[in-house]
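To keep things simple, chains are lettered A, B, C and D as they appear, and every chain counts its residues starting from 1.
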Amino acid sequence: MITIKDLNVWYRDNKILDNINLDVPRNVILTIMGPSGSGKSTLLRAINRLIEIYPGVRVEGEIYVDGVNVFKARTEDVRRNIGMVFQIPNPIPNMSIFDNVALGPKLNKLVKSESELRDIVKWALEKAYLWDEVKNRLKEPAAKLSGGQQQRLCIARALAMKPKVILMDEPTSNLDPVATNRIEELMVELKKIVTVVLVTHNPAQAARVSDYVAFLYKGRLVEVGSSSQIFTSPKNELTEKYITGRIG
Amino acid sequence: MVSMNISKLILISSILILFIVGISVFYMSQTNINPIQQEGRAGYTITIVYDGQSISLDLPSTPIVIIGGGSTFVNPQMQAWATKFRDLSKGLVTVNYQSIGSGAGVAKWKSQALDFGASDIPLPKDIYSEIKGTGRQFIQIPIVAGAIAVIYNLPEWDEAKCGNLRLSGEVLADIYLGNIIKWNDPKIVSLQDKCGDLLPDSPIIGIHRSDGSGTTAAFTLYLALVSDEWKNSVGWGYTVEWPRDQLGYGLGGKGNEGVTQKVVSTPYSIGYVELAYALKSKLPVAELLNKAGNFVLPNATTISEAVKYASKKFPDPADDWSIIADKLLYLEGELSYPIVTYVYLVLDLDYNDDNKNKAIKAFLTWILTEGQKSENIVEGYIALPKEALDIALKAVEKIGSS
Amino acid sequence: MIDLRGLKSKVMVAAISILAILPFIPIVHLFFTVVVNGIYAISQNFPGFFYMERSIPGSGVIGGVGPYIIGTAILVSIATLIGVPLSILIAIYASEFIQSRLTNVGDVIITTLFEFPTIIIGLMTFALISVLNDMIRIYLLIDVELPKFSVLSGSIALTIVMLPFLYVQIKESLRSIPISIREAAYSLGLSRIKANFYIFLVYARGSIVTSILIAISKIMGETAPLLFTAFGSDFYTISDPGFLFKPIGSLTLAIYNLGLSPYEEWIATAWGAAFILLLMVLSLYIIARYIARGAYLR
Amino acid sequence: MSRLIEHPLGIVMLLVISIISVMIIFLIIQSIPILLYRGLEFLTTSSWNPVKEEYGILFALGGSVVVGLISVALGAVLSISLAVFVAEISPVRLRSIFVTLNDIGAAVPTVIYGLWGLIYLAPFLYDYVMAPLSTFLSNVLGVPSRPGTSIFTASVLMAIMIVPFSSAIIREGLLSIPTHLREAIISIGATKWELIWIQVKMVKNYIIGGLLIGFGRAVGETVAVAMVVGNVIQPEFYKIFLPGYTVSSLIADQYQNAEAYTYMVSALFAASLFIFIVGLLANMVGLSMVRRK
């Protein structure tokens, strides 16, 4: 589904990512973990080229999503097919709940009619386990939701574009344990319809939800493997140190 | 919910603004300010009678705005003519006249920013030959006469008892040169018939125009005619350097209005403005010594007398008028007022626009005929004698015919 | 023992308080006089004051500021219609491409005109139109003159007055949008234009609307840039189809010219015009502040 | 990466930049003839004699600078006090009233200040300040005359106009001082005055910046000054009770008939170039002071 070949990223003169090669199969959860500053967020943002909105960043290499080289395609098309959820829940605060979810389909002209839009919004909110909580207050500003609800709203916003891939950048790091739990359940459910790439600095979370795990350290991909393999018999010493909490 | 309030507020404020504009527009249409809406204007003409003959004025087919500017002196008269003629032409001809000073009027007309310029002095020689050199066809015509009045603010002086203050050209020159500092200077006292002892021991505040103006040009030309010292050290023009300012006893005012305002609010001041402004301000006006040796006030009699002598010297409208500028001031005649001025219009003979040609021709023909009648002449201005008008009318005939 | 420190503190605080109240005295007096004289003038000729043309001195009739109100409205509207979209577009560019060379050059040149003597902007507009006229004559070989004294050049001057202010304000508003919101917009696959227009401008609308209203109230009160451009007119010109190319009056020009005249009627008219102008400027200003406060509450 | 225009929007930016640049370049080009014709004399002499094509704008430059300096000098203490008062002394509940009044003072159109200055301020200053002082200071300050239009009147009017403006900037600085710093100062037992004084020293940048921007305003202001400055060409511009000129009021008065003379247009553009430069310096330094943290 996602193939990364010889990816190098610089910020000004610093190399952030060094020769990354990675394959992600369809309908799985791949977790990228690593200590802060290891370049996980950069790698995630390279996949949908979001990294290009930061001035001073230079990218080399190839990334194929569903067989398409993202660096050859239009940025808008790439990002449209890849949903993304962020560390801080970031719905547009002064837009309504409905508008937040409808934003992508509407502005990208993916729907033909109002009713189709409503259906998509409802579908996305249902998939994000949010519909029951908000169906009576769709016109309220998104800022009125709780943190966990906001994050699920962001997931619904990403889903509404009917993406093939969803990138999640530490989606639970700002949430309480209950909300975290719900999001994690949701992720497992989501993998039926999309491929999820999750970034986390929490090895326990990686162990709970992922099928595959990639360990990133100082811009290098140290080890990739299935979740069970990485957590039971890591091949690399660094990986072992990290999951046992000795570096991080 | 805040966002709701914002849009509501914008809505309310825009409705409010629309409401105000709406009221204004409503009243505009109510009060006939917008006569364009009236019917029956196609092929509309005005017929006037002049010299026993009836002349019909050919009006433009669409509403035309003529932009003129210049002399602040002629402003009240021009506004009166413009208002009257706009009504007469049922809105077909609007004259937008701006009192920006003669120098500006001529300069803007020269750069074609204005359709006509109005100036208190004829085109200066160099400008005349410069424009002539470009092959542009233009004329200068006098349209009305006036006078420059010397106004003063002298609290001690009682006109009822002492009569108006008497001054001569030499004394005025000495005042603005700074040779005379105080009101009780012997040169001023000796001119007075009575009450000479009432003149106070206070410095004279000499007020003058701060913007360039034909009034200043005419006034300084007069001072240069009567005082060699003035001629040599200051000269004459739209803007001059006033020696009195450098003593700290000078003050500038913008336009005739500004000078009048400054004289009104500054005790012991003296200033020069066009007569119309002096009359309106209710300030006392000084009697000036004329060439025949009499002290005269500016009024219809004394100005007409001077105009009579001057109009004999008028050249052809297409000629250079600057050479006679100094021959039209300080003229002979027992009752002639010394500083009589003429307002000259400079205008093109062809505006490359048939409607504009018609509009300007109609407007000028009207002001040179009906416009000179006493009911259309504002107080403080003097109509031109028939000989002068005939010359001007003949020149106006040529507009648009080339 | 006497508390010298405490005493000094009390004395200084009292002194500061007195000095602080001092500047309010002229401002309050100004308000008082504008309101009293203005209302008096308007009441002498109500409601004619709002729609009539300037009266003839000595006629005893006060007012007639109709053409000036319309003139101000037209000049300000055109300047706003040109200036607001223009400054939003360049502010978007400057906030999106922070390191672009063009942005750096633009920042320097546009902020040059920020808080700038506005009479020079009038002069420069006058000069700009001269240059344009020369260019039309030389390169296009057609005999068309852009009128120097016109609604258009007045509006251009006002646009240039408001542009730097709006540019700086909107740019700051856009740049202060949290990066998380930017990422959210771009992760949806929106183009820069769509992201800015549908999301960032909406997100920052409170502060942007405030800036726009303050900019409008600023140019409404400008006189100096209009002296050589809008030029002034005492008549209704809008009935003329080509009025955009003709001079036009404004409330500020009227106050300047009438206020310097010796006639009671005209000075009273100037006070009335000042009252109307003050009312217009301050109501915009107060609305702007209200919105700004709302924006902070969000 | 180094393309000049990175997005179609850049064309709009380029357009705006080029229009403004053309204007500034034209301003400079127009100023050259008079500087070639008169050289330094243009700046160092006082004469305005179009008849003889003699232009020296020292009187106007001096007038502008004197108006700017006096208004800032008068405004400095007042605007600092006002800012301190609003930020520190006034009851919190009244603060918004003072802030509103202050900001409204800054929003009033300058021409209204001019009208008020002409009709109320000038006679008032003549009666109560200029006339009494000139009885024993006439050698230094000049003899004023009714209606009181003078360089001094213009300076006072400008001071009134820039105080709300400068004090808003200084207030912004005072309010940006973090609460924990204030608490630290109070906790070491500082009196109110000491607290104020320490904070005022902390916002020195804002004070200098605000006053510089105020100076730029005073130098550049046109109509309000033109209405009260007296408008005469008077070489002794330092005698502030006498009427005078500032560069902007000279331009406002003289520009309209300038084209009737050979060098006057250029002289006016060159004069405006001067306030351009002074205003620019004051603004740039002022803004950078305010932005510097």
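Following the convention adopted for this analysis, a residue touches a chain if its C-beta (ideal position, glycine included) is under 8 Å from a C-beta of that chain, and two chains touch if they have at least 3 such contacts.
Quick caveat: nothing in here was measured; it's all calculated off a predicted structure.
Q: If I average the Cα coordinates per chain and compare with the overall Cα mean, which chain comes out closest?
A: C
Q: Please identify which chain has its centre, taken as the mean of its CA atoms, farthest from the centre of subunit D.
A: For subunit D, the chain whose C-alpha mean is farthest off is A.
Q: Report which of B-D and C-D is connected by more C-beta pairs in contact.
A: Comparing B-D with C-D, the pair joined by more C-beta contacts is C-D.
Q: On a C-alpha centroid basis, what's the spacing between subunit B and subunit D, in Å?
A: 36
Q: For subunit C and subunit D, what's the span in angstrom between their mean Cα positions?
A: Comparing mean C-alpha positions, subunit D is 18 Å from subunit C.
Q: Mind checking the centre-to-centre distance between subunit A and subunit D? Centres are C-alpha means, answer in whole Å.
A: Chain centres of subunit A and subunit D, defined by C-alpha means, are spaced 55 Å apart.
Q: State, to the nearest whole Å, the distance from the C-alpha centre of subunit A to the C-alpha centre of subunit C.
A: So the centre of subunit A lies 47 Å away from the centre of subunit C.
Q: Tell me, which residues of subunit D touch at least two other chains?
A: 256
Q: Out of subunit A, which residues touch more than one other chain, so two or more?
A: 94, in rising order.
Q: Which parts of subunit C, given as residue numbers and ranges, touch two or more other chains?
A: 97, 205, 260, 298
Q: Which part of subunit C faces subunit A closely enough to touch in the complex?
A: My answer: residues 97-99, 178, 180-191, 194, 198-199, 202-203, 205, 298.
Q: Give the list of subunit D residues in touch with subunit B in this complex.
A: Residues in contact with subunit B: 47-52, 123, 142-143, 145-147, 149, 226, 230-236, 239, 242-243, 253-254, 256-260.
Q: Within their complex, state which residues of subunit D touch subunit C.
A: 2, 4-7, 9-10, 12-14, 16-17, 19-24, 26-27, 30, 77-79, 81-82, 84-86, 89, 100-101, 103-105, 107-116, 118-121, 160, 163-164, 167, 191-194, 196, 213, 216-217, 219-223, 227, 248, 251-252, 255-256, 268-269, 272, 275-276, 279-280, 283, 287
Q: Under the touch definition given earlier, write down the residues of subunit C that touch subunit B in their complex.
A: Subunit C residues touching subunit B: 47-48, 50-53, 56-58, 66, 69-70, 73, 145, 147-149, 205-206, 209, 231-237, 239-243, 246-247, 257, 260-263, 266, 283-284, 287, 290-291, 294-295, 297-298.
Q: Quick one: in the complex, what on subunit A touches subunit C?
A: Touching subunit C from subunit A are residues 48, 50, 53, 55-56, 75-84, 86-88, 90-95, 103-104, 107-108, 143, 154, 157-158, 161, 167.
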